[in-house]
Amino acid sequence: MYFKSTFFEDYTLGDKRVTLGRTLTETDFVVHAGHTGDFFPHHLDAEWCKTQPFGQRIAHGTMVFSIGIGLTASEINPEAFSKGYDRLRFIKPVFIGNTIRSEVTISEKTEGKKPGYGQVTEHVEIFNEHGEVVLACDHLLVVKLRPQHA
Amino acid sequence: MYFKSTFFEDYTLGDKRVTLGRTLTETDFVVHAGHTGDFFPHHLDAEWCKTQPFGQRIAHGTMVFSIGIGLTASEINPEAFSKGYDRLRFIKPVFIGNTIRSEVTISEKTEGKKPGYGQVTEHVEIFNEHGEVVLACDHLLVVKLRPQHA
Amino acid sequence: MYFKSTFFEDYTLGDKRVTLGRTLTETDFVVHAGHTGDFFPHHLDAEWCKTQPFGQRIAHGTMVFSIGIGLTASEINPEAFSKGYDRLRFIKPVFIGNTIRSEVTISEKTEGKKPGYGQVTEHVEIFNEHGEVVLACDHLLVVKLRPQHA
Amino acid sequence: MYFKSTFFEDYTLGDKRVTLGRTLTETDFVVHAGHTGDFFPHHLDAEWCKTQPFGQRIAHGTMVFSIGIGLTASEINPEAFSKGYDRLRFIKPVFIGNTIRSEVTISEKTEGKKPGYGQVTEHVEIFNEHGEVVLACDHLLVVKLRPQHA
Amino acid sequence: MYFKSTFFEDYTLGDKRVTLGRTLTETDFVVHAGHTGDFFPHHLDAEWCKTQPFGQRIAHGTMVFSIGIGLTASEINPEAFSKGYDRLRFIKPVFIGNTIRSEVTISEKTEGKKPGYGQVTEHVEIFNEHGEVVLACDHLLVVKLRPQHA
Amino acid sequence: MYFKSTFFEDYTLGDKRVTLGRTLTETDFVVHAGHTGDFFPHHLDAEWCKTQPFGQRIAHGTMVFSIGIGLTASEINPEAFSKGYDRLRFIKPVFIGNTIRSEVTISEKTEGKKPGYGQVTEHVEIFNEHGEVVLACDHLLVVKLRPQHA
């Protein structure tokens, strides 16, 4: 975790970075329920889950999203702030014991309406250990233009 | 927390439900950092935050989202599943001690491409105790059509 | 979780409500030890437990009670407050992986000594996934009488 | 934490032990909510609590009980097991920042119906830092009689 | 947990105390990562660990140390304070499911430079359930000399 | 968090790296107690602490050590493993609200007894927000020599 200034002009379309992996454990399921207050049986009742199509407890979508994004939190860009996310999709269920990692690709750059700033889109894909995408989303960053010197 | 079947036809545009409130504490900040691995100083370094425009620690966007959505987790609809979220926006910073509640409005209904299912959009707004929207997003539900009897 | 006024007169003897289930995990055992400071080997030392009659770690009684009661926390009655519990009994051991649910029955109503209030007893039974009662207790509620209109 | 055999005959009516203290923090409130799933506003919504008679968040009864009992978990008596609790009463509200300690008094001894065992009652009182009892209960222990040698 | 005054003169070389055991669970691994911010794959990525010599996740050294020392926290000596540790060594890896206990031996006594105080060294060994030492260290205590009466 | 091979020859005496800061909160105190089982009143009883010289709760030494070391966990060197720590000293008390950061200096290099490996000592100092060292220690790394090509 460190600071590194990256301006709008420094982002290159197609650039990609990949995180290390993290195994999602039963502990994470229980912690996420307790953290958010969502105790739905899909996530916490192993007996009920046995009667369902997926056959076992599945991760909260908000957990896969939060931990998958957390994995990307290494370099702090003081020239950027997060505006939000578009097209967040839950693509495959995540089970206890799956190991996820995230891949971030610079997918779009537009000079924003806000003077002095541009918008950079990071396409984020979260993979399980089988190489399947389990969640995808577009992270919208508002980034300063490089200061001009007269 | 209970099961209640609600079919596509049962959702009414403009219907609204409001949750109770929950105060976001320093504990939640620390738990979210530990849960996601995001220890950025914006959330955890009170000294550094004093030197920044907001002057104090701000909540992780993924935490406001996860807890705000968690607040809505009361009625389980076995006829629906979550496809994802659109237009997730971080509108105002959330500080230690703010109390949030969520408001869910049925904002769109479209007969989906998947036969037997429609898509229902829940517009979610998360408010602080001053009545300001701090986060908004559109939750996309895929919902079964009501079974037809010949 | 929502508010609903229920007065003393509204409680009906024999009325019953049942909660959804929750699987008690190793995580819950560890969290409860850390939360309460009770690190007795019965709950946390798998090796020692192998030498004991039950053969494996057993849940803290206070945890089965706290989570079993927590499962019933859905409807908030602003006309009632909790006075305490009688006849709390640990009936069967609970092991890692057991799934519990709670059943609440209105078992007694007495006009209390406190003017304007009555006492309602909720008999609570906590079941495991085999349908066995693992814990039982009587929850004592002090409830307002319905306001009289002249 | 250590083992020490104490038989039914070894318990003396009126014997008393007192624990050290522990300050109940906002963290404990949040952890207990997440552990049990009870997110009632009485415990977690500081804004709503301001509108109530007590004016601030109050501890879950199950938490004061669990932590107060946890404080007594030091000596393990392999000759005894816990049968349950009687007359558990919530006497005063406990607020964030209160410091509790527990006092255990041997209050009753009866030769049980189970041959070779007696029942010992420990009267437990949990105090705040003002010396007020906030919770009281009777802990029921089933204890082996001292083995007889011919 | 209780207070007991022990002066420098009261410590006897070779005296030994042994703690009860505690099983280190996957939960402890996840909690320690979240508590310290160390999410190295050695501790949290089960898939990557399969490709490594040890074949599975290994405990953080700081966790084995912290929990092993925590196991010894029973008697509080108001006449002593902890100066630090020497020769802390990670001797064997600790895996999920290992049960540890600690053994503390008074290994050295020196009259310190600080008048009225001596230094006592506690040699701490942490064992797994196979009787193997997994971590060793020397705890340095600064202890008051017994007050002299004229 | 990323892998980067650094061999014994690549370490330069006097090289220094500094981490970002983290505020130690009441939450961290409570979590550490629950994680390690050390509930000594020095860390958890605010009332008792008022009667002591330091006047308030102080952090567990094992917590300052574990979190301070955790702050340094960014670059993973697959050519090194941790042997342990020497001269770990608790220099100043850490209170709730202090913000710590760590500074790591390469302080010693010795060709080890183990063929193909050397020993590198990282001197670690943990500072509070006043620039005072609160804890210091020497981290001992065993590091591969750079492979020789014929």
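Residue numbering begins at 1 within each chain, and the chains themselves are lettered A, B, C, D, E and F in the order written.
Everything that follows uses one rule, which is that a residue touches a chain if its C-beta (ideal position, glycine included) is under 8 Å from a C-beta of that chain, and two chains touch if they have at least 3 such contacts.
Quick caveat: nothing in here was measured; it's all calculated off a predicted structure.
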Shared chain contacts [subunit A and subunit D, defined touch]: B, C, E, F
Touching subunit D and also subunit F, the following chains: A, B, C, E
Between the pairs C-F and B-F, the one where more C-beta pairs touch: B-F
Maximum centroid distance from subunit A, chain identifier (CA atoms): D
CA centroid of subunit A to CA centroid of subunit F, Å: 30
Separation of mean Cα positions, subunit C and subunit A [Å, integer]: 38
Chain centre separation (subunit E, subunit F; CA means) in Å: 16
Where subunit B touches two or more other chains, by residue: 1, 20, 22, 26-28, 31, 34-35, 37, 39, 41
Touch-based graph of the chains, sorted into line, ring, star, complete or other: complete
Subunit B partner contacts - residues on subunit E that touch it in the complex: 31, 33-35, 37, 39
Subunit C residues touching subunit B - in the complex, by the definition given at the top: 1-3, 19-20, 74
Complex contact set, residues of subunit F against subunit B: 20-23, 25-28, 31, 97, 99, 129
List of subunit F residues in touch with subunit E within their complex: 1, 22, 28, 31-32, 35-41, 60-63, 65-67, 69-71, 73, 76, 82-90, 137
Of subunit C, residues touching subunit E in the complex: 26-27, 30-31, 34, 39, 41, 44-48, 57
